[in-house]
């Protein structure tokens, strides 16, 4: 498929959808292959990373179009935004653990914080800052991971842009067990 | 004002609005002068006139961002796939909550499920399974309820005809979580 | 004891421990943990702000600190492999927690700047279609509603009850003192023979160490792995 055409179609899809869109869904709609799409997204993300008013957020196998965080002050005036509640220290700790180490179970979050986190996780889920998926290894449990809402709140286009992502996302203890 | 900065701000404004925006409104939000804005729009329109997925439409003193008409077929398919997708478990849960407890706010649905439901509610609204009415207690918010059309399709004329409606709609676990 | 954050609210035992170590400008090591153990124990003894649902976690860290501290106080004590592991783990866990506590502060600052990306309302401007799902009936509604109800967390009354039954450290010390005066000499095993759970044993041991420190009692262990004997210190 013509790569400019594909890029153009992805832009249209992201604009209309407004929400995060799965790459597999883009493949289904455009008829393009996954690697082609991933390539087009990479090019698009590069094009949108400048000073322009729009950016493209990526997370795992999903992408979303949003406004450049530099323009937050301007956009703020346009939308009747819900009151941005401040994040408590507990919320920030759980968020940072899930952002750098997720997807992970609640137990794994609690092992790092040393306290029960069910209340904090629930409130983050309700605010949409954290998502949960079923745990493939435990059909009664969940895995928690960061959401697009979180990326948007921090104004970054992917988790890799988090401060010190390379070092903090690594669990030395796990590495040492695996002998790396 | 820096013309690149102004262009960027206009892009953000148009993206978020989706609808036609008056130039005078842009002037008010950005603090730029009208001729500056008209100039920036001309440049933007040039940039958006290519093969890209988004275009900028102007009509008299209004401008709007929209998808390239070349991609109309793709956009139609996106909407169709959104509507015809099978209902997820999350969607079925939200439907049942809104059925037994509606009309209710989004926050209430989320408190009961413990998970953010904005995407799910939006999708149910779009399919006409749920409808929203203005919240008499909060003029910026909405109340959600099962649509009458959907009830008819289910073969009942009121939610009170749902199985065990009397007991289930008054379940004390919900009161405890909503703090009633 | 001189510490000035009695009223501060800590996010948990690790938070408290980290704060104590950082206040003394120490690295996280077994030695520094032993150094701040007293302050930690003092804190949980005096502080009534510890939330009930966190008490068990505070006590679990306390028990590890007691192991560490008792190694310093009673060098003759032998540790099992498991206990050695626990001591090492606490230092590692604290190191790990510190990374994320710092990361959380950085994220908090970024969030506070308010440079938010905004997305559009999903499918805004697209008109609604009535597209009902096939094969769904009103009994499905009941089924899914029941499953939602079953997932609502029940506020646990249980924990409160457990905590109420646990004696405070203060009470335990008084208890031990009275008991000791009657018996003059007894073993740690005897003291804890009436213990109902691990927390009770921990508190007893904690109290014992506290009394050693306050020179109320003498501790004596004849041989490795033998009973620890407690004696009320004879006044010279």
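Labels A, B and C are assigned to the chains in the order they are written; within every chain, residues are numbered from 1.
The rule we apply is simple: a residue touches a chain if its C-beta (ideal position, glycine included) is under 8 Å from a C-beta of that chain, and two chains touch if they have at least 3 such contacts.
The shown structure was predicted, so the numbers you read here are calculated from the model rather than taken from an experiment.
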item	value
Most central chain, Cα average position	A
Relative to chain A, chain with the most remote C-alpha centre	C
CA centroid of chain B to CA centroid of chain C, Å	45
Inter-chain centre distance, chain A versus chain B - centres from mean C-alpha coordinates, in Å	20
Inter-chain centre distance, chain A versus chain C - centres from mean C-alpha coordinates, in Å	33
Per-residue multi-chain contacts in chain A, two or more chains	15-17, 19, 65, 67-68, 70, 75, 79, 122
Numbers and ranges of chain C residues touching at least 2 other chains	118, 120-124, 126, 153
Complex contact set, residues of chain A against chain C	15-19, 55, 57, 64-70, 72-73, 75-76, 79, 84, 86-87, 89-90, 92-93, 95-97, 99-100, 111-116, 118, 122, 148, 151-155, 157, 162-164, 168, 173
Contact footprint of chain A on chain C as seen in their complex	11-15, 53-54, 57, 61, 92-93, 96-97, 99-101, 103-108, 110-124, 126, 153
Of chain C, residues touching chain B in the complex	118, 120-126, 128-133, 136-149, 151-155
In the complex, chain B residues that touch chain C	12, 15-16, 18-19, 79, 82-84, 86-87, 89, 92-93, 95-97, 99-100, 112-114, 119, 122-123, 125-129, 147, 149-150, 153-156, 161-164, 168, 171, 173-174, 176-177
List of chain A residues in touch with chain B within their complex	4-5, 7-17, 19, 25, 28-30, 51-54, 65, 67-68, 70-71, 74-75, 77-80, 122, 125-128, 132, 147, 149
